[in-house]
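Labels run A, B, C and D following the written order; every chain starts at residue 1.
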């Protein structure tokens, strides 16, 4: 997938996943802080979010593997070409392997939401592992490329391994909102950096970048920090919006409970209200 | 032991050990979750498993050292050849050193099961150390080899040091089933990767692998991830089988306790039942 | 800023910040140890210290960015020069990026002091991130320089990443005075080392240093350890002075409370007393 | 100190310190496990051990610095030779710096034993720092040496940084006997490895070692693991002897308390008894 689209598709996926994680974890955090201590079971609407996320992961991983294998110039599930004594399209096989581990993370998420027998933390552990495998394969991916190309990919690894380490910590420190938002931030950073890689290596317009120029390497390093700052900003902004929406709507929700329905309640809260009422 | 057999033997050992660990830790976890909080002492059948494991480790390490020393082309306990001014069969001595540390881990396991005076965690600590020493010796083992040979051995180190780190964490986080299964998974991965090294470097049939070809390196990296996925699958499958067997049989076991023996109880549960009854 | 002044300014800043952190954390520690367990809210004068620190960080970061951009030979907010097809003054842009993250840390500190909604630890996390970004940019900064120049800058990274790691630990281990003073110590070390870099690379008087001479590298490594020893000494000394001043004055403070004002109270305690009395 | 004696002296020191730490920590552990929960203050004889250790560290560091500076071919406190434009005996200055940090660790140990105001863990933290500084200076010490010389010194770093990391963990996990014995083990390993370096680089008899021969490097790596095994054995043996001596003697000690002095009590227990009785 050595073109702009090949970097924009995973970038979009990771960006969306980062925002989804922000919303999910803020909802969980809101629920945790607003419930009295005694209540431990996750309410149905939070469970449904987990099922949805896990199911989507499995589905996306399956589609990803199929596409990588059966696109026109793909390997069509053939690994070794005996006639030419060569491996067939190893790049597509590598991408399939990455998708496989995200699929495994999806299965673990569904399983650990569905059953109490699955040890808690398996979902985070497998997600951490999926990120580790992604970084691991990328690491050996970038050898013997031009300087800027190798550098811009190795910066991606900072986001990937940062996310992997943060998620691994979550296995042992549960319900730490800071770690959860850090994970979301790393996914957004990874997503936006995929776009940046696409723009630098396959510019849509204008001249090609000089892949050996030192100033370009220096700019790209700095640009990565800007992406990080923007990712922090986006996570903070999204978190605040979700938190205050929840607060405003659940305030109304409590009003309903004590029988003082107000006709002026805005439509924008309806969906949230419905979900909240599941909780009752 | 530069042949296929020399990689298959440790591979088989590590594979079996990985499965053994899975079974042992699931049994311990089952016992932990099914007992009321007050009961702390490990029941006799779990202790017996520890003694068996420790004893086998000591025995295997002893046999391993003896074989490495006294095979036909071994060093026969001679370290330095004064006539030729050279070391005698350092490779065999290195393997003996690795076995020694697994033997020490076995002794620590037996000692910490037998006596409460031994600080808890010594068994995990020595196992972690044994893996560290294995990785440490391997690390200086792979210098100045062909590219693929060095790479395939350095991938082994990921499994070895991963297992070592996980086991070290267990010293401080006791009874964490996720860490325990991770350790088992790393042993299975190590075992299956030993086989893979054997297949690649000493193919039983077909042509030799080109040890400098970049595509081979790329395939082997990806193949390591597949081994990891299979190891995860095997641990999950084994865990589930052991767990549900325990559940089915211990359900019957409780029936027996309240005097409602059913004649239809299957023979396959007999052994487990006997062991469970030790617990009473 | 390749001159002595360009290293003395950040050095002075970091030195002052290190001392400020020592004073602040000792005051917090004193308050923590002298209060009964039940009282949890931070008293107003400690909150005011946090607001002051955060505000100053934001202000300093803003001024820093402005200066870097609009000095006579700065980039004047222009990033790319289309005429010459080159980046404009990337060094100034890099320094602006570093300041930006310290500004973000300031915002996080103010926000987490002002509102309980902000998850606890965000202030430490962002400070750790600011140090990480500083180190990250410096790391790619020192490539292809003379030996001594690269070495002296890479020693700076020990202080920067050491501080970053310590501050990250503070996210998870709150109110650990040892970690807090370690952070202060790393800032003082960083500050004094900036001065040392200035003295070595741009000597105010005397001959230039030989940037490739091995003995110079060896001396500089050792000198870094001396700076560390001095930083430890300074933190210990400052801590002791602050602690005993607080103790002497608060002793008097309590006397006042029970109505036994002594006319001999020294003026030097007045300010501290006023702040203490905020607490009541 | 490029001769056998120059390696034997620190080696002897570290060996003794390792044994001392084993004895001290086993005594502390014995006291911890034998006291009821309510009693928290360390008894006088354990405090005296800490004072003795700290005092000896300060004294040894002071003597070490003086010797390094004022031996016949030492720098005599002169750092820079203006006539020749060269540094004076930087190696001696480096060793002085290492001693300085062990002296600081001694001061911290005395201070934290004497006063409750000193934050707990400062003694471990400074000891960890002293080891880090030792490793840090050694790391830049071994550049551009023959292969075997560099390798044998870098193996020393495994013991040094291992000890530093273990001691740092002790800051956060107090009274963990496993970590404490690990620290002792790393000191013994470091001590015995200093002797090994002496034997290899400055053989007392026999031919010189070939410093570039690959087999020598391989042997030395393996030999390090044997030293580790022996260090483990020594710590285990010493711990057991100390523990059972304490147990036998304190059993008698309790007899004395309830007035049943037996005239057959052996003289070997007298000293221990006297110390135990301090505790009452």
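The working rule: a contact is a pair of C-beta atoms (placed from the backbone, for glycine too) under 8 Å apart; a residue touches a chain by one contact, two chains touch by 3 or more.
Treat the numbers as computed from the prediction; the structure is a model and nothing was measured.
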Same or different residue numbers at the chain B/chain D copy interface, by half rule: different
Inter-chain centre distance, chain A versus chain D - centres from mean C-alpha coordinates, in Å: 48
Distance between chain centroids, defined by C-alpha means - chain A, chain B (Å): 34
Contacts with 2+ other chains: residues of chain A: none
Chain-to-chain touches, reported pairwise for every pair that qualifies: A-B, A-C, B-D, C-D
Touching residues (chain side chain B, partner chain A) in the complex: 29, 158, 173, 177-178, 181-182, 214-219, 221-222, 225-226, 228-229, 232, 243
Chain C residues touching chain A - in the complex, by the definition given at the top: 86-87, 90, 93-94, 97, 100-101, 104, 117, 119, 121-122, 125-126, 129, 133, 136-137, 140, 144, 171-172
